[in-house]
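Presented sequentially are two complexes of subunit A, the first with subunit B as partner and the second with subunit C.
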Partner chain A sequence: MRTVEFHEITMAYRKGEPVLDGVGFAADGGDVIGLLGRNGAGKTTLLRIAMGMLAPQAGAVRLFGLDPREHPLAVKQRVGYVSEDQILPEFLKVAEVIAMHRQLFPSWDETLERRLCERFAVPPGARIRTLSKGQARQVALLCAVAHRPELLVLDEPAGGLDPAVRREFLETAIQLLNEEGTTILFSSHHMTDVERMAGRVVLLHDAAVLLDNPLDELREGFSLALVPVAAVDGERLRAMPGCLGLREQGGAWRAIVREGPAACRERLAAELGVAEARCQSLPLEEMFIELVGGRS
Partner chain B sequence: MTARANTAPVARLGWLLLRRDPAWRSLWQVILISAVLGIVIRAGAGAEPPDLGGGPLVTQPGRILAQFVMTWLWFFWATLITNFWTRSSRLALALPLSPRRVWPLRAACQLAMSLLPVALVTLAVAQRGWRGGLPLLDAGTVRLGVRVWGVLALFQLAAQLPARLQHRIPARPAYVAYIAALAAGSLWLTLVSPPHPGFLAGLLGAVLLTGACNWWCLPTTWSLTAGAPAMPVGDSRAGRARDAAGCPPARSEAQPASVMTSPVRRSGGRWLRWRTILGVLHAHPLAVILLLILTYYGFLLVEDLHTPRNMLPFILLAAALLWGVLGQSVGRLHRLDPLPISRSRLFAAAVLPPLACLALGFGAGELRYRVAPYTPTLVGYWDRQVQVPREFWCVAPAGEVPLVRAPWGEAHRPAARPLTRLGGTMLYHPYEHGEASSPAFIDWQIWRAIADVHGVRAPASISDPDRPLSPGYLAAIARGGFTPDASVGLGSAIHARTHALGACLAALGAGFLLAIGLGHWSPRNSSWRRLSTILATGLPVALMIALVIGGASELVDIGAMGALVLILVRNGAEALALPAGVLWALAPVCLVLGLWIAQERFARIEIPPRLSRRRFHEEY
Partner chain C sequence: MLIVVDPHSGVPVYRQLMDQVKFHVASGLLKPGDELPSTRALSTELGVNPMTISKAYSYLEREGIVERRPGRPLVVKALPGDDLKDRKLEQLGESLAPTVTMARQLGIGDDEAVDLFRRLLAESGDGGAAGGGLDESGDGLPGASAGGSDGGASSEEDGP
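Now for the complex of A and B:
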């Protein structure tokens, strides 16, 4: 049984403008999946569908083999969730928020709770409304992980946090859970976070999954081809097998090709007769910009 | 030239700030609610509205006073939603604009927003006819309107006096207490103030003075938070030296992390869960006000059981408020939705507090009738007319109102009350008497009403037109108002059964309506479901507005419509032939059933966060 399965998820907030259109992928225990996409690409919608907070118009989602809308309690007790816009009850004290979560999750680990309390050093007597953004997010993370969830869903968890707090936050999540086989599904705009955390990247674009590859494969199996505009027609280049994105900049075509640099150079020469192409591997952030920038 | 060139951007900026002002953003809601409220009050007052300009409001009868307090609560709410404690938005704070330019715009918006509902309601209530296409207004009511606005404006400006250095006055307990005291004082001042031009002038002078005081005290720039006490310039070096030597060290140096944390309390987890759920759903000003109003309505609804008064409008308003509370709660549930808390618990937390408030008010009202020195009666003689509960009115057979004839031959044909001016079902008040009716006929009608309502036998002597009537009794009839002794302390089986069945039907109906209304938040996978939701919620609202407007323009007779509903329920209760006790016992069962139906729908709704709304409120 897989931890998370999305089958052909379709969702539109306005008729004729799907946010997600036939999106599908799955994750097993121990997978750490980074969900990428531009603003409005449907990342948050997809994560909310996973939590059963939204119902897809078509398709199905299964967590631990269960439909989260049919079995909300059974699913939520096995999931930890932190989102950027999640607001803890601001009138409660930190200790009260923790006590409430302890009540709600049967698998609550008090030893882990104590460890995290010490690590984060958030004053237990402080009211949530008096905490800084970073402290509030740490309390949210504590509440999300102290019951040792089988799936951790993080929706832009580090949004608005400074680099030190962000790193602390993400390392805590990874260290605590991934080594135990917890699946982590997180969305982020910080490519460095994704590169540090994720084992696999799912890129949403134009309401569909544009990429779903292990991070290592992305590093080695993709390249950026720089071809002079005069050397080839853009449409021919776009139609070349493996070309994922294309845009023009500074008199050159910039194409993302699903092949390593050497193989890419050979394919360009063989199929399009382009000898003067320069192919290079590229970091995730560059790939993201090239892919979604070239296709929008 | 330069000055003119600069004027346009400043005007555009002013317009931008105005449009982003919370007061402006709530404009259409305030206009709509105030217009409907004004029309309802005017329609309820009938052909002879009370004279509101004769003296302080406290001298008015209790019902008028109660109605005024309810209306004032709406005015107060319209003032609250301007967020008057915020002097400037964060956007304006970051712009090169001095507080003395930003605050007047914001204050003008707030004052206009408190003026608008008062003006609309006053216009509707003061209207006494038309001349040349313009409404004829009652001067006393208009003066009262000006007085109410003056007091509200004074309240609003006085509420901005504290924390003058900050762009937003922090909602600390002391400030909340200050606002509560100001609000109570404002209401008191409105109720006791005389309709004297001198008082009005003094009031407007106080408004101007407070506004000027606010303006004068504005700082050169606002701060986001309360600043530290200013340090004299000469002390700054000493201060820095103190920082280096005497300030407590950073936490990591002085205190190990473990010292900062303490074991979390283990007890009271369940209570904490409920406290959190209830706090998230109901601990905000709008919910608290709605719950207080619901309690008050529950208190008023008791009159429907013990007096001939028809409280149908209050029942409708209570239903609308219940909707409001539930809508507010659903809008706040996104905070709790990711947690493993069952929807049935959330539903209970959303629905039970308003119902409990209604029940609490009802209980308090019932207690008032048991403790109070006066005894309510189901049959009364007020406004020169016999008063009975509306279910004792009759439907005219074949549209013809029969003649009511006393044994000695004196007769009167009650006025026909068609449901609409265009015709349709005709109702009449069978115990009515004419202006020329004799005291003996009036007494006969009163006794007939008592016999029918309470199921008692009238004395045989009432058939005699020459029976002796005491001078006191005759004087009371001539005065046009008294409580018949024969009705005191008597119940009515028909009345009790009608209301018990009405409670059962209302409980079931509320559940169905709630379930249909919750479809608004249901998954968006069915166009038909959306359409049915719009129809199910839109049609009753349209019907209510049509009734209110129709009632005000006398196109429909709201009183007769209410009576027809009660007559139908009475007929149903008589057809069921169950005792009132059994029906009252069934009412909670119906309530549970109705809520179960609604809860089934609630379990499947989507609760997305209201991102746009929150962003807007964070700014102000």
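Now for the complex of A and C:
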């Protein structure tokens, strides 16, 4: 049984303008999936559907084989969730919020709770509204992981946090992964975090899954080809098998090709007779910009 | 262990790990019998996915650099003397490969490139002994031959 499964999820907030249109992928125990996409690409919508907070208009989501809207309790006891805009009750004290969560989860681990309290150094007597953004998010993370969930859903967990808190956050998640083999599904605009954490990347664009690949494959099996505009007709380049995206900048075509640099150079030479191409592998951030940057 | 990863470079993190362990073995910083940190410990220390570490470790094991013993940490494997030298050359070859590609792209001839390399070696100072070793194995560098063949498409006649 798979930990999370999305089947043909379709969702539109306005008629005829789907945010998600037939989105599907799945994750198993120990998978760490980085969900990428531009603002408005539907990442938050998809994660809320996974949590049962929204019902998809078509398609289905299953967590541990269960529909989260039909079995909310059974599902939530095995899942941890943190989002950027999560609201904790402002008038409560940190210790009270933690106590509330402790009672909700039978599998709550008090040792882990104490360990994280010490690590985060958030004063237990402080009221939530007096906390900094970073501290509040740390409390939310503690509440999301202390029951040792099998699945951790993080919606832009590092949004608005300083690099030190972000790193702390990341390390806590990695530790959980090490100890429990937790499956992690997280959305982020911080590509370095994605590159550290993710084993696999799912890129949402135009309401669909544009890429779903292991991170190492994105680095080794994709390249950026720089070809002088004069050397080849753009449409021929765009039509070349494996070409995922193309734009022109400074007199050169910049094409993302689904092949490693050496194979890409050979293909360009063999299929289009282009000898003067420069092909290189590229960091995730550049790939993101090349693929979805110019077309929204 | 002295390992640094740059998740943002285009090189997969598991490769960066492999390269650095190999470099440390070749340079003698890691000696036969030395233990590598556990997957868990290194993953936490570097803040990267543990699967990435275990991937690097299993490739290193497959390449015969390290040895796995049940329930114990991975250790660096003992090497016959000649292998260590091969490994050093292999390391150097890997970092020279992109240079070879660049020489081809710039249309710099083999002799000119070799002369330049010699001059740089001479300028770097204490190098007499190393110069001799390079001569006999210059054509055996694994990276160099690979770079040469794929750069062949754009040869010298591309120039004006």
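Simple rule for what comes next: the second predicted complex is superposed on the first by the 290 of 296 C-alpha atoms of A that agree within 3 Å, B and C clash if a C-alpha of one lies under 4 Å from a C-alpha of the other, contacts with A are read in each partner's own complex, and residues count from 1 in each chain.
What we mean here is this: contacts are C-beta pairs under 8 Å (C-beta built on N, C-alpha and C of every residue); 3 or more make two chains touch, one makes a residue touch a chain.
All values reported here derive from a predicted model rather than from experimental measurement.
Enquirer: Mind checking subunit B and subunit C on superposed subunit A, clash or fit?
Expert: Superposition result for subunit B and subunit C: fit.
Enquirer: By the touch definition at the top of the document, which applies to A:Q280: first (subunit B), second (subunit C), both, or neither?
Expert: second
Enquirer: Just subunit B (first), just subunit C (second), both, or neither: which does A:N213 touch?
Expert: Neither partner.
Enquirer: To make sure I follow: the centres are taken over C-alpha atoms, the vertex is subunit A, the ends are subunit B and subunit C. What is that angle to the nearest 10 degrees?
Expert: With subunit A as the vertex, the angle is 160 degrees.
Enquirer: Using the superposition described at the top, determine whether subunit B or subunit C touches more residues of subunit A.
Expert: B
Enquirer: Look at A:I174 in the shared chain and tell me whether it touches subunit B only, subunit C only, both, or neither; answer first, second, both or neither.
Expert: second
Enquirer: Tell me which partner A:E113 touches in the superposition: subunit B (first), subunit C (second), both or neither.
Expert: first
Enquirer: After overlaying the two complexes, what is the shortest C-alpha distance between subunit B and subunit C, in Å?
Expert: Least C-alpha distance after superposition: 20 Å.
Enquirer: Can you check the complex and tell me which residues of subunit C touch subunit A?
Expert: So the residues of subunit C touching subunit A come out as 5, 7-14, 39-40, 43-44, 47-52, 55, 105, 150, 153-154, 158.
Enquirer: Which positions of subunit B touch subunit A when the two form their complex?
Expert: For subunit B paired with subunit A, touching residues are 251, 257-258, 260-266, 268-270, 272-273, 276, 279-280, 283, 334-335, 337-343, 523-525, 604, 606-609, 611, 614.
Enquirer: Could you please specify the touching residues of subunit A with respect to subunit C in the complex?
Expert: 30, 32, 167, 170-171, 174-175, 177-178, 191-192, 195-199, 215-216, 219-220, 262, 265-266, 269, 275-276, 278, 280-285
Enquirer: Could you pull out which subunit A residues touch subunit B in their complex?
Expert: So the residues of subunit A touching subunit B come out as 12-13, 48, 51, 53-55, 57-58, 69, 72-73, 76-77, 81, 83, 85-89, 91-92, 95-96, 98-105, 113-114, 117-119, 121-125.
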